[in-house]
Each structure stands twice: as C-alpha cells, then as structure tokens.
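The same subunit A turns up in both complexes below, where it pairs with subunit B and then with subunit C.
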Partner chain A sequence: MSNPRGQAIQRFAIDAMPRSRAFFLSISSIVAGLLIWQISATVLFDSILYPSALSTLVALASEMTRGNLGKDLTITFGRVVAGFAMGSFLGASLGLLMGSFRSVRTFFSPMVNFFRFITPIAWVAPATIWFGIGETSKLFLVVYATLFIVLINTMTGISHIHRDRFRMARSFGANPLEIFWRITIPASVPFIITGMRIGLGNSFMTVIGAEMLAGNDGLGYLIYSSRLFYRSDVMFAGIILLGVMGFAADWLFVLLRRRALSRYEVLS
Partner chain B sequence: MPTLDIRPAEVEPYVSLAAVSFQYHRAAPILSGLDLKLARGEFFTLLGPSGCGKTTVLNLLAGFERPTQGQIIVAGKEVHVPGPDRVVIFQGDDSLLNWLTTLENIEFGLRLAGINARERRALAADALQSVGLSGQGDKYPHQLSGGMKQRVQIARALVCQADILLMDEPFGALDAQTRSLLQDELARIWVESRRTVLFITHDISEAIILGDRIGVMKAGPGSAISEVIVNDLSRPRSRGTVNFADMYSRIEQLVSTEVMRSMQGELE
Partner chain C sequence: MTGPHAGEADTAKKASLTGSRAISVVGQSAPIGPSITKRTLTDVLIAVLSIGCLFAVWEFASRTFGLLLLFPPPTVTLRRFAELMATGELERAGLFSLLRIFAGFFVGSLAGIFLGLLMGSFVNVRAVAEPYVHFFRFVPPLAWFAPVMLWFGSGEVARTILIVYTTIFIVALNAMAGVAAVPRNKTRMAHTFGATDAEVFRLITLPACAPYIFTGMRIALGNSFMTIVVAEILGARDGLGYLINNGVLFLDVALVFSGIIALGILGFLSDAVFSLLIRRFAGQFAPPHSTSG
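So, the complex of A and B:
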C-alpha cells in the first residue's frame, strides 16, 4: 500500500501480506459464510424459521424489483446520513469548544458524562411522544447516537496536542482565535474523523432500533414487520441488506478519510 | 581563572533579566536572583547540569512563564507575553505541524504577520535554501530526518526577522555527526544574519563552537548564573585546536563543580 506521494506505509508490520492474497481471503470468508448458511439451513431447520441463503437471495431480488426494499433502504440510509452529518457537526463543534475553553468544558462535562451512558434506544419512547413517529424523532435519535462519540474523540484529540505547538504559535504572535483556527482545529481532525467512524456504526444501530420500535417505514420496520406475515426470507433479506449497506458506508467513509488525512502521517 | 564579563553589554543591554526568581506555586524555587544581560546581536550559550532551570530561563524570556520576582526587559520594554520579536526553536520536532508541508511550516509566522502569499512563498524558499533544504519544500515533516526537521525550525524562525532567537537544546536529540554539522551551519547562518541568540545546551563543545559568551548555571534549586565566560576564539571555530581544548577544560571544571554540588544536594 502506498500513498499518493509514493511513500510506503506499513500497516501491520508483523504479518504483512500481498494485496492479492488479502483480497482472496476476504472473498473466501464471504463464500464460506454463505455455504455454511446454505447447508445448515437445508439440513437442519425449517425454512420458515430459518430461510436458506438461496431463498433469501431470491426474496431480496424479487422485493428489490418490486421496489419495496429499495424504498426502505433509501429511507433508512437517508436518515443515517442526515443524522450522522448533523451529529458529527454538533459533536465536533462542541468538542472543539469544550476542549479549548476550560469554562465551557467544566460547564458541559457533567451533562455529557450523564447523557453519553444513556443508550439512544432509551430515548425512542420520549422522542415518539415529542416528535411523533416521523422523521424528526429518527433524526433526533441518530444525532444523539453520533454526537457524544464525536465530541469525546474531539476533546481527546485536543488534549493530545503537544504543548510546543501552542507555544510555537504564541511565540509567532498568534492570538487565541488564530491558535484555535490554525492549530487546534487541524490538529484534531484525525481524532474527529475516528469519532465519526464509530458514530457511523452507532447511527446504523440506532436507526434500525427506532424504526422497529416506532416507525412505519425503513429497513428496521421491514425486518420487524416481516414476522407478522411469516416472511422470514424477506426478514433475512432486510438483515443482509442492512449489513451490506453498513459495510459499504464504512468503506466509503474510509475512502473519504484517506483523502482527508493524506496530509497527516496517521494514515491507516 | 575564568574571565569576568566586561563587555559593552553592560552599557545598554538589549535583553536584560534582572534579579529574576521563579517558582511554581508552593514548590521549591527553580531560579532565584538570576541576572543575565545580552547585547544586541550576540550569541549567548547557557550551559548547566540537567534540571538546573536552563529551559525555565528561556520560557521566561519567551513569555511562556512569568517571573515570580524580578524584571525581564527586551529592547526597553518589559516582557509579559510571547511576541514575534522572540521566536523559539524547540528541542523536539513536535512544534512542526504535520498537516503542512515544509514550505507551509516555514511560512507559518509570515502568514500570521499578514504577508501576502507570493511574498511569503519567496521568503520561505530563500530561508529553505539558507538552511540547505532546497528541493524539500513540498515534503511533509514525517518525510524528513531529525536533522532536517530542526533545519526547518531554524528556517521558520529566520524568515520572520525576529531579532531574538531562543533555542532550547535544538540539537539535543540528534546523532553526534548531524549535531556537529548543524552546529557549524548555525554558526555560519548566525554570522550572516546577526540575530541575538540565547542558546540552551548541556553540551560543552556546542557551547564553545557557538557562543560569544557562555553562561554556566548553578545547580538548583534556586539556580542562577554562576559564571560568564567570554569566548574569544575566532570564527569559524573548529573543535581540534589547542585554544578550544583549553576553553573546554576550563568550562568542564566549572560545570562539574556544579554537577557535584547538585548530587550532594540530592544526597542530603
């Protein structure tokens, strides 16, 4: 693996492997998973309780062509993207302020440390009472799921900035605002992005829970409501789609991160 | 007997620390009653056993810390805060910003001074050349060796026209060859640019190669400058001469007395 400037980057020095082999192993993992699924489903269990890989794929294809699955997928993805973006922005902003100003930090710390241990799902009930089962409550919950982890990571990032960086800037005559803009923000970017990646995972978990408990569309609703019609194949199709969507979103995020961080040495 | 200082610095010092004491709240005093006067354009090396408070002197002059007692005056004005007339060159490379290229790092102070992009780039390129790094301007700090990074710090300080350079053991972490190479280059650059330099070191030969005068610090707690030696070896200096050896043993005597004293202090 090499970055655009041609500098070799070691990832895991001890057990490095060629790219082609890594690709082969990843594909094998997927194939093995599908095989185990297919065999266990056909040999061991009733297909109503545990549909095979093949019948799930058939359901996936037919539901997709009918447009149901695609619609739910788009709805869920839209909720994740909107909430994640807003939560990341709020989390990073508040984190930067808390990390930079002791008074802001001291004021908000108790609140943050209280709320961050309350799982987003716990807020489904109040959110439904306040905002109904529509988009607002979903947005609220996904923002909540993203905000704290991004905030905590941003603050951690600021606490890791070496003292000499601030001193250097001050010695060149930088005022507090310039220090914030030219040192604090750029130095925290890698930490903010790490927080966002975890926040993306949290967003997916939260939106599905919210759609299951209080919603009438989206992948979570589809998965949960399929049980009512004994459509375990559709249920599994939804679950598979969810995994694929999360995987793709993370992959996309890692790509964007690599672009954003190409200037920093902390590429991974 | 060491020569006592009778230089014109006494008449009108450019930098003056008068009866300066420093201690952290309720801790043992680090400096007490320290006097130091620098003439404009002189290279002063401050030598002393580790932990004696050399860096504290530099931090006070830089404005990073405030003296508990006494007064620090630069160009007729009392020092309270850091300012672009006193630029610091730090020991490690943490003050280089890893998201900026070499040239952008060098431009940092110019940018704060509001100099336009074209002029900035031209000045930075000149500075880069004067520290022998032409062609490395687009590299990022992590792509440079330790010695090159310290050259970048020197260029970043030189480009700003700051009258005073405060150097805190800038070559302390380098290997012996690189260190002596950089000492010689710094001596050459100083002759060309004639800044007022306060250079902290615990390396006697470094102090002799560079300094017009060499201050030896007492062992702490409550350290001050015990002896100032005028170094009249002609420039460019070389490490092999008889005069160098004489100077070396004279200073070594003074320093080892202080080291012994500090060890006794620890035993008591």
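So, the complex of A and C:
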C-alpha cells in the first residue's frame, strides 16, 4: 500500500510479471484443477455420471490401446482436413473474384448474405436425406462451414487495399492480370488466413455436430453414443481428445502462418 | 477528373453507413463511367437477377430431376412456409429458439465480459485462468451435449448451459484482448493526472475494450444459432431445431427447408438488430469493421 500508483501501473501491464512466475501459476492452476476434479468426483458424485480425472485417463489409455479412439480420431480429423481444404480453396477463389469484379460481387452478394446466416448444422438434416450418413454429407457440411467465412474475409481484405496502389500499378503499366497477381492476392492473404483460422474452428464444431446427429463413427459419435452406455469416462476421454486436437490444429496453423507466410504480415 | 471520384467515394461511404451490408462497399477498380444513380439501379437489377437465378435454377433442378419430395422447388417450399406461418407453428418455434438463445447469450456474455476483464486486468488471474480458457475454447459446445444431458436431463437448463458455454469463452478472450490493446501511455497519463485504479478502469480500459467485447458478442450470437439447432434436435419438444428434425422423420423436406429459412432469417435479423443497437446506443464504441460469419 506504500506505493499504490506504482502497483497499479504494474498490474495493468501484461508483461509486468516474470514469465517464470506466470508459468508457475499456470501449472499450479492446472494441477489444482485436476485435484479438484479428482476429489470432487470421488467424494461428491456418482462415478457413472461424473468420472474422476484418473478414470478418464485410464479410459483414454485403454481405448487408445484398443485402437477405437485412434480410429475415430483419424476419421474426424480426415473429414475436417478434406472439407476445410476444399472450402478454403473455394472460398478464397470466389472471394477474390467477388472482391475484384463489381458485377460478380453484385451478383453473388445476395446469395452469400443469405446462406452465411444459415448455420452449417442446420444443413445436417437435408444433407442426411440427400447424401446419407456417409462421407459425402460430412464433406458437404465442412465445406459449407468453411466457405463463407473465408469468402467474406477475402472480400474484406480486397476492400482494404488502398486505391492508390492500384492506381500506381496502372500508371506503371501493369495490366489487370498483373495487378491481380501482384497486388490483390498478396494483400488479401492475411485476411484469407484469418478467415481460414475461424473456419477451422467452425469445421470442428460442424463435424462433431454432424457425427452426433447422423453418423456411425468419428469422435462426435463416440462421445454421444457413450451416453447411451453410461460410459462417461469414455465420453470425457473423447472430449479431452477433441480439445487437444483442436488446440493442436490451431497451433499448427499459427506455426505454418509464422513460418511460411510471414512476408504477408499476417495479423494475429 | 477529381469531381466524380470524390462523389463516388461519398456515396460509397453513405451506402455503407446506411447499412447496406459491408460487402457491397468500395469499388476499388477506379470505375469511370455511368452516373451514380444509374449504377445503383444496375446493382439492384443485378441483385434481383441473382435471386431470380437462384430460384430458377432451384425450381428447374428439382422439377427436371423429379425430386419434388427430396428436393422441393421454391414454389412448394414457399407454400409450406406460408402454411406454417398461417398456423403460427413457425412463429412459435422461432420464438422458443430465440428465447433460449437470448437467455444463454445474456448470461454467457455477462460472465464472459467479467472473466475477460479480470483476466486482462490482473496478471495473476490471467495466469490461473488462461490454460482453462484455451483448453475449453477448442472443445466445441456440441461435445458437451452428452454430459450435460446426463447431468441435467434434456430440459431448458441443459440448453441454456450449452448456449452460455458457447458464448462465454469467445467473449472473454475478446474482452481480454481489448484490455491488452489499451495503449499503456493512456493509463500512464491518467495515473499521472491522479486517476485512481477504479477511474482508470471506468474511463479508459472499459471504453477501449467495448469494441472488442461487442465483436466477441456478435460472433458468439452467430455460434449460438449453431448450438441451439443441435440442442433442439436432440431433445426438445419445440423450437426450430425440433421442427427441422420432424421434417426429417416424416421426410417432409419442405418443412426442413422452411425451418432452415426461418433460422437464416432470425440469424440475420438478430445480427442486424445487434449491430443497430450498438450503433444507436454505443456508436462511439462500435467496432471499426466487423466481419463475422
């Protein structure tokens, strides 16, 4: 209390604390959380409804060694990757076209604005009727979940390019193709990447929903069907795996962005 | 040469201000040519043409391939939509879905703002809470559906909790980012002029965070629509998700389409109303350009 002003300034600064102390606090917070989980599960609740940290870990290990969990994990991950890649490609291409040509933009804007407000999950129902519960419907849904967010971000990126850059290129004699290749695409890359990162999160959400509502494999199905067998430990193992997978995918994405695309000045 | 350009820029700005959505702004390819009124008229024509094309292709596809049942044409879908509206079924379902979303969204936003501001302001809180926030934000709300149903049954509590979960982390992270983005010199200046911590928070941190918080809330609102559909399909007696699921069970695809269209309209309207409310009542805090899906 001797120097309240000084303390106040320190407290508002993010990097005021030594990294080691922040790290220590985070680690002890995780340990404390796990302990609270373990103790509350063994003392307070029914283990069928609320598995302890240890039994979740055991379930994770045993399901992993039996190969169930690994299989579901690969299936879900494969679906996300395939749909995400296609959706990003389509979204970026269409976004570049719409951003560059006024007539294309005007033509497609009403459609895009209509469909982007319909959540991908809502399409699970028709997709199941049309394509069955197999891979086609999952692919369709993940593409849909990625496409619009990437498209809209790409267009935003193009609209943020300063007009003078186009004017400059033109006065130096660049033709429209060169302008597109050398100015439009590089300048919109950061926005495309941002859209893709959000799209990746949406893809995970959609695929889980689709597997829960209409599917017979994948992590979503595993989690949801464990409920029927009262295997809440398997359920929790699936949830934790899902969190780890989402985290890893996002981390890989950030890494890739930093490594390969740093010259495009991607904002985080 | 400068005259018409300046005029165009102005109308582009006005168009964006009067709310024709962010996409239709800024034609950067230095368009020289027809007058402004002529161009907006062409735009409207092209937009009408676009919607017309969509409907024509849709109608044509379903009629030629004889898929009236599996892929009902717009005429059939719209008739079903009107039918459902007339009986009040659709309005009722929409109202239920909206009420659920708003209840969860409200609670989740409040909690998220509180948590995010705490995490942004105090390094200790941030160090303790960050691992959890970063873990849980990668676990989609839908994954919690199974445990939540085990614990709370398939009632309103379960659905509200899922919406709260959907909202809280994205709002918290945005609020935290908002606090982190407050220029340090601003808080230093205020402290130098003798402001207390509480004053700095109220007069500098909070206003500076507001745009971030609003952006987070807008994304969360969109995601809530995703969560509610699944929550209602998997265990509700009303709401749009339930309606859509009924359509699947009875192979009434027109009903499914009507539900989806209603969902899209509600999503669009709530997003528009949210943006409007921000601009009307908190215009100075409105995010500069919001691009959420």
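Quick note on the criterion: the second predicted complex is superposed on the first by the 231 of 268 C-alpha atoms of A that agree within 3 Å, B and C clash if a C-alpha of one lies under 4 Å from a C-alpha of the other, contacts with A are read in each partner's own complex, and residues count from 1 in each chain.
Heads up, the rule we're going with is that a residue touches a chain if its C-beta (ideal position, glycine included) is under 8 Å from a C-beta of that chain, and two chains touch if they have at least 3 such contacts.
None of these values were measured; they are calculated from a predicted model.
More residues of subunit A lie in contact with C than with the other chain of the pair subunit B and subunit C.
In the superposed model, A:F117 lies in contact with subunit C only, and not with subunit B.
Of the two partner chains placed by superposition, only subunit B is touched by A:P186; subunit C is not. After overlaying the two complexes on the shared chain, residue contacts for A:F172 are found with subunit B alone; subunit C is out of touch. Residue contacts after overlaying the shared chain place A:F229 against neither subunit B nor subunit C. When the two complexes are overlaid on their common chain A, residue A:I158 makes contact with subunit C while staying clear of subunit B. Of the two partner chains, subunit C is the only one that A:I208 touches; subunit B does not reach it. Across the two superposed structures, the residue set of subunit A contacted by subunit B and also by subunit C is 5, 163, 167, 170.
Interface of subunit A with subunit B (complex): residues 5, 7, 162-165, 167-174, 178, 182-183, 186-187, 189, 263-265. Subunit C makes touch with subunit A in their complex at residues 21-31, 42-43, 46-47, 49-51, 53-54, 70-71, 120-124, 126-132, 134-136, 138-147, 149-151, 180, 182, 184, 187-188, 191, 197, 200, 205, 222-223, 225-226, 229-230, 233-234, 244-245, 247-248, 251, 253, 256-257, 259-261, 263-265, 267-268, 271, 289, 291, 293. Here subunit A touches subunit C in the complex through residues 4-5, 8-9, 11-14, 16-17, 21-23, 25-26, 29-30, 33, 49-50, 98, 100, 102-103, 105-126, 128-130, 148-149, 152-153, 155-156, 158-159, 161, 163, 166-167, 170, 198, 201-202, 204-206, 208-209, 212-213, 219-220, 223-224, 226-227, 230, 232, 235-236, 238-239, 242-247, 250, going by the rule given at the top.
Interface of subunit B with subunit A (complex): residues 62-64, 81-84, 86-88, 90, 92, 94-95, 97-100, 108-109, 111-113, 140-143, 160, 166.
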